[in-house]
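Labels run A, B, C and D following the written order; every chain starts at residue 1.
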Amino acid sequence: MQVNEYKPLIVAFCCNWCSYAGADLAGNNRLNYPAEVKIIRVPCSCRVNPMFVLRAFQRGADGVIICGCHPGDCHYTSGNYFTRRRMALLFSMLDYLGIEKERTRVEWVSAAEGAKFAATMNDFVEKVTALGENKRLEDLRCKK
Amino acid sequence: MLRKRTKMMKVSYFPGCTLKNKAVQLDIYARKCAEALGVSLEEIENWQCCGGVFSTAKDEIATKLSSVRALKEAKEKNRPLVTVCSACHNVIKQTNHAMSTDAEFAGKVNRYMAEDTDYAGETEVMHYLEMLRDLVGFDKIKEKVVKPLTGKKIAAYYGCLLLRPNSVMKMDNPENPRIIEDLIRALGAEPVMYANRNECCGGYVIMESPSLAEKKSQAVVENAKSAGAEIITTACPLCRYNLLKNGADIPVIYFTELLAQALGLKEDTDEQ
Amino acid sequence: MQRIGVFVCWCGTNIAGTVDVKAVAEALKNEPGVIVSTDYQYMCSQSGQQMIKDAIAEHKLTGIVVCSCSPRMHETTFRKTAASAGINPYMVEIANIREQCSWVHKDMPIGTEKAIILGKAAVAKVNLNAPLTPGESPVTKRALVIGGGIAGIQTALDIADAGFPVDIVEKKPTIGGKMAQLDKTFPTLDCAACILTPKMVDVAQNDKIRIFSYSEVTDVKGFVGNFDVTIRKHARYVKEDVCTGCGACIEKCPMKKVPNEFNLGMDNRTAIYIPFAQATPKVATIDPNYCNMLKNGKCGLCAKVCAAGAIDYTQKDEFIEEKYGAIVVATGFNPISMEKFDEYAYSQSKDVITSLEFERLTNAAGPTAGKLLRPSDGKHPHTIVFVQCVGSRCEACAEKGKEYCSKICCMYTAKHAMLTRDKYPDTDVYVFYIDVRTPGKNFDEFYRRAVEEYGVHYIKGMVGKVTPEGDKLKVQASDLLLNKQLHIDADLVVLAAAIEPDKSARPLATLLTASMDTNDFFTEAHPKLRPVESPTAGVFLSGACQGPKDIPETVSQAGAAASKVIGLLAKDKLTGNPCVAHSDEMMCNGCSSCERVCPYGAITYNDKEFRMPDRTTLIRRVASVNPAVCQGCGACTVACPSGAMDLHGFASSQIMAEVDAICK
Amino acid sequence: MSSKNERLRDEILKRSGVNPKKCMRCGKCSATCPAYDEMEYHPHQFVSMVENGDIEPLINSKGIYRCLSCFACVDRCPRGVEPAKLVEAVRLEVIRKQGANHLTADGVEAFLDGEIPQQAIVSALRKYSK
């Protein structure tokens, strides 16, 4: 094993009702996924302001993933549709700025899909790891 | 005023070795009927034998190259690849599926072929029956029927190759298919439903264990007859051979022959 | 500046096994605002909570971070702890270092490192927390039960028994559900009708219960304690309050060839019909798809013979709006379609039937008056093959059946086999099984009796193919214990079809914003500790809509759901969720973006007077949020272009702080 | 299990892409198999024998040449185990060995009756020899 193995930094926003519960279920079932994934709980995926995503990249995150309820299953009826549209725009802009599309993702994970949560995270970390470090938006002034 | 489109639809066509030899009726009438229905079958140049069976082994590369070559030619011409023989269809469709879903396998094949462009399963593989259903339409065939096969009780025999594995072949409900029955109906005859129409006839095992093939073929024929069949129709030369060899006492004919009869392109002789 | 206490839980070895809890507590000591940081074996225990209370008193803490299990588990616990020690409960944040850390990572250094980061994020968030006070809302003291099977019936009876009014909405013309179609019930073999119909009568006679039959829920608005529900009552073309259920119309109806759904299409009914003798409400319904009068205006016989004058061909669907405090989902199950399992020849032979059809064939009120006769020729079958697990326990990606065990099939098949042998000892009965699953009181004993006393042939193996030939069904199967392929000439084949949630469940879940699993079963709030509540407050689950269940289990869950509803309706006021949106009027530019995205209509615009620095006043249009209606999704916070809208408990600054802490 | 058996088993599993652990021992493959009586090891046994690395007897069995490759077991298996692919993988183990062809071009002649379609001969040769 290499000593200085590259570990990406992944921020995951999970909605309280589906995806955060799905992540808990992955835990209950002891389904492993990389520790690089750090979850922030939000009431609904639509609470994720594009600013949060930009902030994460600015602070040196290598990938940002937003997880919500499946379309049609949003606890708040329609929040995940807002997320889908907002993030489609944001991600294409980020792509234009040089943040590869593989570094950003929106996924639907229900409260019953612990296995999907773990599989999604494994896949996402693998893809981001393959891309390597994200330097594009990082603001070095933010680093101490 | 819009001019009625009379241009022929062009598809790539893979006849296969049996159709050039022991099953010429299958081939001849497939071409004649297609032409009558507005489809031009453009034979793949220099096609090679498909190999008869698809090896499910992931490390079998060489045996799948002839399929890939045919698929690639169809891709270059941007046409679906149409097959008639069940065996060819099964082999080519499974190979295509492996090329599009198994990256490791596709990589090996592409490296082995070492051509300018890689192939990744882009071609649509279509059985002649699917072509009739999806490109031509059974309704249109019904309109073109000049000698309806009224009163004939015909049992469709699918065998195994057309339908299975369903995850790849996706032609029809593998346990209760209706595509040939629908064709029979469109031709004015009465389809006969029987359970063994998707059971194996014994296939190539006839060479290894003739008694096994005999048993399986007889079970198919008996079941069809008990349901009232007067004629059995199939798409597979080997099925036809097995059923006839093992004592079918009713005619077993290719579906293209039925189609040709109804379209007035072949005399109804009921000969075998 | 907050004074924060950090409490790291070991959760026995659940956390401490992969996270060095001491190191976590130590690392968080130096975070901004942290006054005290410590660890304990079980933070949720009495003494763990006391430890938090003591620390609050000793260090005059204003904020708490508990690094423990998921907030979905114990957030409420620790909020209560904080409140009892005198600080605002919303000053507590949980760092989830169990479900999302120690349980998913195996390596101690990695787990510890992540736990520290999660702890830091929680500390960063708490630093920006503000005390919140929830609002209160009244409770409408009426419950809605959706589905009138045994689950819905039992729930409604129990709620009514406690003195609260209940409405049952049933989409069929009668309540009774699947149980009304059954013949006998396992493991005691009492007749289903004999134990169900008295309950149906109780429902009809209970003045606290209203039945909306032939009706559907079409809209649900509001929230726990205050649901506004629209019910569509389909036109049955018969005045419910006038019809006496005498049946004269049914005798005279000339349209006699309508497939009878109650007997699963095995016989016919008339276009005007009462599904079965004990139907509740016992009133006739006209099937508009078959009635000649409704289709082309030619007939009208039923109106002529109806002495009560109940027939009304002009009746229209009626929409009823009602307020409810609680909603119980009891939408039940159906057997799956056998279309993808036609190797058993279900579509090819009338003598291949499902177990529910078998149930009707043995029911005295069924198409054969209880005589077991083959549907094809009406002859008595001498060899019957039962096939278990048809569509159950399939691999998920096989796309043919269901991944789960349908739970009830082993027992009802044992029942069918036993009853057949009991009534017709000349019949050979084979049951093909993969496993016989009988975990219930007196269940295994029942199955053993079928084998030992009644001589049912249980064969470990599966049926591979059924070939109808002549008047026989040729069954090809395997006997795994004898290691043989069997060929049986059967007269009747009975398929134990997997069960699935009713098709109406999925759209209903969307209306209720209640979550479902991938199989369309409703998800419970907690699989062990809150099995009859949906995660959506005020929505409760009863019966097979939550997962496959037999009758005893359904009835106990129905009672449990009722007791939860009673607990809710007994309250006069409910405390709401204080994590709602709020708008900074000074920053709001009145653009209406937030109003447009709000799914609840919680945002309104008012003209407000502002005093300007030069002592003039300015009237501006600004947003205001109704905290009683806002559910706190936060859609408006992102839509707001000026950044005026924010969410209590999940403020933009708080989430940014978490992002910063994680990315440090 | 000896390491040799383990190697062989892993080779078979890799070649076939089959995961025998998915099997729930329902026996539907054996119930559906048209060549059941001709195989000394039936499809369900085949799966568990491969899983246990018990592959020698399978290699030496006549049954591997009697599988019709009709895929009935593949399509009807509730767990997606695909026993036919295991049979194929084991058969290839034999015929890839030098001189282990089960059928040779000379052997074909006996079957030629003037009617047999090319398809049968090609298929058989492909199945039974290198």
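By our rule, a residue touches a chain if its C-beta (ideal position, glycine included) is under 8 Å from a C-beta of that chain, and two chains touch if they have at least 3 such contacts.
Being a predicted model, the structure only gives us computed values, none of them experimental.
> Which of the two pairs, C-D or B-C, is linked by more C-beta contacts?
When B-C is set beside C-D, the one with more contacts is C-D.
> Please indicate the chain closest to the centre of the assembly, with centres calculated from CA atoms only.
C
> Rounded to a whole Å, what is the gap between the Cα centroids of subunit A and subunit D?
Here subunit A and subunit D have centroids separated by 45 Å.
> Quick check: how many Å separate the C-alpha centres of subunit B and subunit C?
Chain centres of subunit B and subunit C, defined by C-alpha means, are spaced 47 Å apart.
> Got the subunit D residues that touch at least 2 other chains?
72
> Subunit A: which residues touch two or more other chains?
none
> Find every residue in subunit B that makes contact with two or more other chains and list them.
Those would be 175, 199.
> Output every touching chain pair, sorted by label.
Per the contact definition above, the touching pairs are A-C, B-C, B-D, C-D.
> Please give the residue numbers of subunit D that touch subunit C in the complex, ascending.
Listed in rising order, the residues of subunit D that touch subunit C are 22, 24-33, 36-37, 42, 44-45, 72, 76-80.
> Mind pulling up the subunit A residues that touch subunit C in the complex?
Within the complex, subunit A contacts subunit C at residues 9, 11, 17-18, 20-21, 23-28, 30-33, 35, 38-44, 46-52, 55-56, 59-61, 69, 72-79, 82, 86, 110-113, 118, 142, 144.
> For a test of understanding, state which residues of subunit C touch subunit A in their complex under the given definition.
Interface residues on subunit C, with respect to subunit A: 70-72, 96, 98-101, 103-107, 110-111, 113-114, 117-118, 121, 509-510, 513, 515-518, 523, 535-536, 579, 597, 599, 631-635, 637-639, 647, 650, 652, 655-656, 658-660, 662-664.
> Which residues of subunit B touch subunit D once you look at their complex with the stated criterion?
So the residues of subunit B in touch with subunit D come to 16-18, 21-23, 49, 51-53, 55-60, 63, 85, 87, 160, 163-166, 174-175, 199-200, 202-209, 212, 216, 236-238, 240-241, 244-245.
> Going by the contact rule set out above, which residues of subunit C touch subunit D in the complex?
Residues in contact with subunit D: 343, 389, 393-395, 397-398, 400-401, 434, 460-465, 476-478, 480, 483, 485.
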